[in-house]
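Note that the chains are named A, B, C, D and E in the order they appear, and that numbering of residues resets to 1 at the start of each chain.
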Amino acid sequence: MSPRLSFRHGVHPPERKELSAAAKIRRMPFPSEVVLPLSQHTGKPARLIVAEGDRVERGDKLGVAEGFISSPVHASASGTVAGIDLWPHPDGTYKPAVRITVHPYSAQAPRPRIVPHWEDLAPGGIVQAVQDAGVVGLGGAAFPTHVKLSPPKDVQIDTLLINGAECEPYLTTDHHIMLEYPERVHLGIRIMMRALSVDRVMIGIERNKPDAIEAIRATLPTDLDVTVHPLTVKYPQGAEKMLIKALLGREVPSGKLPLHVGVVVQNVGSVAAIAEVFETGLPLIERIVTVSGRGIRQPSNLIVPVGTKVRDLIAACDGLTEDAHEIVFGGPMMGAPQASLDVPILKGTTGVIVLSRDETKPKESYACIRCGHCLDACPVFLNPQLLGQLALAGRYEETEAHHIWDCMLCGCCSYVCPSNIPLSQLFQVTRTAIGRLKALAAA
Amino acid sequence: MPRKATSGQVFTRGMWRENPVLIQMLGLCPALAVTNTVVNGLAMGLATFFVLFCSSLLVSTFRKLIPQEVRISTYILIIATFVTIADMTLEAMVPEIHKALGAFIALIVVNCMILGRQEAFASKNTVGRSLLDAVGTGIGFIIALLLMGAIREVLGYGTFVGIPIYGANYEPWIIFILPPGGFFTIGFILLALNWWERRKLERARPGEVPGRIAVERAA
Amino acid sequence: MRLPQLLVTASPHLKGPDTTPKIMWNVVGTLVPVIAAAGYFFGFGALLVVFAATLGSLLTEWVFGPKGSLRDGSGVITGLLLGLTLPPGFPLWMAFIGGVVAIGFGKLIFGGLGQNIFNPALLGRAFLQAAFPVAITTWPVGGGGFWDVRAENLSLPFMGLGQTDTVTGATPLGLMKFEGVATAVRDLFLGTIGGSAGETSALVITLCGGYLALRNFLNWRIPISIFITVAVLSELLHLLNPAYPGPLFMLFSGGLMIGAWFMATDMVTSPVTHKGCWIFGAGIGALVVIIRLWGGLPEGVMYSILIMNAFVPYINRATQPTVFGTRVTEAAS
Amino acid sequence: MSGAGAGNGEKRVLPQAPEGAPPAPEPKEVPAWRLLLTLGAAGALAGLLIVFVYQVTQPRIQAYKAMMLRLAVSEVLRAPARWDTLYVYEGALTATPPEGVVAEDTVFLGYREDGIRVGFAITGAEPGFQDFIELIFGYDAETSTVIGMKVLSSKETPGLGDKIEKDSAFVAEFEGPEVPLQGVKAARATGAANEVDMITGATISSRTVIGIINHQLERLGPMLEAYLEEAS
Amino acid sequence: MGDLFWIFISAMVVNNFTLFYFLGLCPFMGVSGRVYTALRMGAANIFVLTVASICAWFLNAFVLPYAPYLKLISFILVIASAVQITEMTIKKLSPALFRALGIYLPLITTNCAILFMAWTQANRGYNFFQGLAFAWGAGAGLTLALVLMASIRENLLFSKVPEIAKGNAIVFIIAGILSLAFMGFAGLLST
């Protein structure tokens, strides 16, 4: 038995993965319209290069990367650009998006293209190809992957961590990728190892996915130093700092990045996406999404064209149940609630969770009783109790002194708080406010 | 620049509206330490009154002669003199009370209320006005001490000026003559004053949220 | 498709099982056996005292508290615990006043649930002890049937115990302190002794407190550190001078058990950090030993907890957790 | 009104400027002799007043003190006709201590009308429940009994600890018990000659009273006996 | 030695100047808003008390036997001047220390706690070391009360204290509760 790999604190929410764990990945039919926001990733939005009325083929560029920390956006279906307008974005705002009316009779076959042969490419070439393909992190943050693949010269990366933790309840996306496409994951790892010139890879998978662990183990390449590590089941095991702590025992310094401790963390989905780029030559235009929760009739794991509206996704899962109450993009712990059925699935959307009335949390909250449960839950060892009070009192400078910027908004504190105080939400709001104040001060 | 107060105002304001203890929070320690009975409070009040009155008289009389540089030392010297006199007089006349008040008579010397009145008023005003001010402030001080003493004695001993007022079987609330009771009593008085003040505000301006004012004040 | 009325709330969208009222009502539930034991050992009068204290608490909460605050259950705990710290023969009107003071000046004046600094129940008791020191140190002698209600219980409001010249039994601590007589530890453990209603059966209290600790409704570090400190200090002193009582006596006598399990652990008035809880508990333990052995009063649990309550804001300040990744930064630089 | 915010203590008029610096720059220089003169005049006036009042009040204060002492001594020594004041000096009692030294303690030896010694009156002080309890007690060295006790000053809790002076039953306990005294709870009294019933609810104050007497006698007892032997 | 220890403990907790004798309440109400300020105020208090204790011992031993009626006047004037002189010395020797304590010194020099300490020390006839133990006990007690109150008040900033209790009322009530809690130490000297 391998050692218990974990981090301190954290919480154990009900997993509820059984809803979709047995559903094999299937492809959903193309919807009649897809909506592709130009900002689907961390960093600058892509720059538009098509106009209304243009005909586009599946895989064509709609926008190009604007600078290094940016990523292009590609058409996920063949059709006509019906409009370029402000469209509801999963983050709750309206953002510029390209709306494509899907050609109803198209075979949706991409035009023939050259598949780059990764073994012949220098690391820089791989990075370029990854950027051109618009690959971003599929683990949720949608950070452009090519940036992670090009570490600064002065840091030495010694380990590549593959994040297969999938600690969020309900989600089974990464689970099924590992279960059904283990070879693709390994191919992606090979490519990344070449791009990063590292020779050690560790794959961390939570123990609640024994079949995925088995599948990945069974297909491990024998010529490389790639190892699989079952992890303790605990949220947020998949957060990169926690993963690094669990697997390597290293602590990423406050305010620093994993590369400062010589590590790059990549989600299994992102790795598989890289492999696909070099298998098919297609850019990142579809992804696997878990649709789950008691509010959906048929929980599924679907291959979804990026830009599909939730409405269509739900229809592909037999629709909502009577008591469907809340729709969340991502997992229920960190995911964003959606007010509209028109928001599109993005590259970084790991799942769509439809919570029924009895799964949503109670609304009534009480005064903080200083129980300290939030301190026990916080994986970054903050004092959410104090931070919450400071935030409520508007004492922003002190929140900064108490490391509000180290908070990863994982929601553990809110989850355990018996008084139901929306702590992590408060921190998010406070950080936005601090940012605005600073911008004002700078201007 | 506020208007110069009339003589009447000079006389009455210290009694209640600007009561030195309850409103200005000056001279707190005697107000708490010796008010476990009405009589002690009264004796302390009278002694303080005497010192305040005599010091104001002297300071305002000689205000033009006392140079800035040594004025504080001079005031302290004057105050200390009268306190010593009060101390010895009380000891000779009412030794029992003198014993009950203990060191707190000597502490009148540092009672910030007295020095404050010299610095803020007697050194700048005529003898007449200064005496009016001293009498007003002194009465205010006595009122506060009597109020404290009455509450504490009635609850803590079940007597008023030594006379039992509840009959024999009353169970006294000893806490009120102990130190915590002193703090609680002035706390209660301030609560009552605040409540009264807010009620007045609410009546004066119906519809307005009085909470805001108090929040500003507390901030 | 049917357009549902969508709920939009911030993440996380899941909520842990514990809620504040649930914790509070659980504590109320675990107090039931303790109260039952008090009734068993002291008779109906003890139950009346608990009832009067609770009535005072709840009425005050209802009249002056925020709307609906009775439902969260914390006011009930305050009343019950206050009642359990009083002698079974305590005049009911005084117990009622204690409840009023506990909630009014222990809790509501600070803003209500969660915002008070001092343990309300103990504040209520400290007030009563200072106001009516004789009544609160008048311990009934045993005997009498369950239904015998003492005359003192029913004394009229604002009136004293009367000149009935009550025969007072002594508590084990009083006996020890003032007359050098030790009580058998077995009696202490089972509860067949004199004392406040809740100071009796260490067995029942430990079982109930242990249940709360297992469910994480109280921080076990606090009682444990209290017990360890008291045991170690009293063992050391006992070795130095056998006239001092030994650790078992110290642990099982007086209000230490109910204080450590139910009162020091009030989350509102104890530190939020684990390190803080250890310090808090150790402080209480040390103060208990100091007051019991050298102080003027036979029992010091109540004062020890109140004093340490006053230190809690400072302890919280001083024991902030070390943020993830900051130790490394310091080491690296 | 109660704009009296919490910061009031800082706002009030301070004896000196808050920065602790000398007074702000003056418009015109005041010559030093005037400063000294002012202070000197004030000092002289103050001295004069004080000395005058001192002269007037001192006799009464002294008289009162003497009266209190007389009352106390006559109370604990059952109204003796006269008494000697003895000083404890270098482990012995003496009626006339050497000039200029401060005696460690004083005791009073009382005589009846017929010249027979009643006993010693001894003072003592120890911390009680709140603060020091100071008392005087009469002691008959021949029979080794305490013959009276009076509390001179205490700050014990009214209604509880102050019973040591106000509860006549307790005070009467000290007429006749043998030393060393033994404090007991009324319920457990055995009737032994050295027992003193303690006050319920004020055990600590009672014990302090008993303790003061025992400790003083432990210390002074041998001296008293030595003095008596020498005198007879 | 034991004697000195008990004098210290007595002045610090059993008969805490602020909580039982109500001394130094004005600075207590004024500067107990922040822990940092309270700590510095406490240090300044200990400093002035030390100076005052030495002065009082000196006066009591050499001056008052000859002129008892000058007790009050001499205490107040000598303590004030001595503090002034030490203050100027500190300013020269250690400007940093002066900055930390300086602004509080005038505030407390003529403060009741200081005078009471000197007065009581003289009345009880303490010798030099007993006097210092008394002064430091008193200073430690003042600091303790200040710091506890300050940390509680910092915490109170987060509480929804009812409007009528805001300001001084709640501070007095907390002081009352502290005083009540410290009653647990009563009698600590008697056994």
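Things to note:
To be clear about the criterion, a residue touches a chain if its C-beta (ideal position, glycine included) is under 8 Å from a C-beta of that chain, and two chains touch if they have at least 3 such contacts.
Here the structure is a predicted model, which is why all the values come from computation and not from measurement.
Chains that touch both chain A and chain D are the following: C, E. Taken together, chain B and chain D share the touching chains C, E. Counted as hops between touching chains, the shortest connection from chain A to chain B is 2. Most remote chain with respect to chain B, judged by CA-atom centres, is A.
Comparing mean CA positions across the assembly, the chain most remote from chain D is A. The interface holding more C-beta pairs in contact, when A-C is weighed against C-D, is A-C. Each chain gets a centre from its C-alpha atoms; the one nearest the centre of all protein C-alpha atoms is C. If you average the CA atoms of chain C and of chain E, the two centres end up 33 Å from each other.
The distance from the centre of chain D to the centre of chain E, each centre being the mean of the chain's C-alpha atoms, comes to 25 Å. Rounded to whole angstrom, the centroid-to-centroid distance between chain A and chain E, based on C-alpha atoms, equals 61 Å.
For the pair chain B and chain C, the distance between mean C-alpha positions equals 40 Å.
Looking at chain C, one finds that residues 105, 111-112, 115, 127, 130, 133, 296, 316 touch two or more other chains. For chain B, the set of residues that touch two or more other chains comprises 25-26, 73, 76-77, 80-81, 84, 88, 112, 115, 174-175, 178, 180-181, 184, 190, 194, 217-218. Multi-chain contact residues of chain A, defined as those touching 2 or more other chains: 367.
Here the chains touching each other pair up as A-C, A-E, B-C, B-D, B-E, C-D, C-E, D-E. Considering their complex, residues 157-158, 160 of chain E touch chain A.
Taken in their complex, chain D has these residues touching chain C: 129, 157, 159-160, 185, 187-188, 198, 200-201, 203-204, 207. Put simply, chain B touches chain C in their complex at residues 166, 169-171, 173-176, 178, 180-181, 184.
Across the complex, chain B meets chain D through its residues 17, 23-26, 65-70, 72-74, 76-78, 80-81, 84-85, 88-89, 91-93, 95, 99, 112, 115-116, 119-120, 156-157, 172, 174, 177-178, 190, 193-194, 197, 217-218. Across the complex, chain E meets chain C through its residues 35, 147-148, 151-152, 154-156, 158-162, 165, 170, 173-174, 177-178, 180-188, 190-191.
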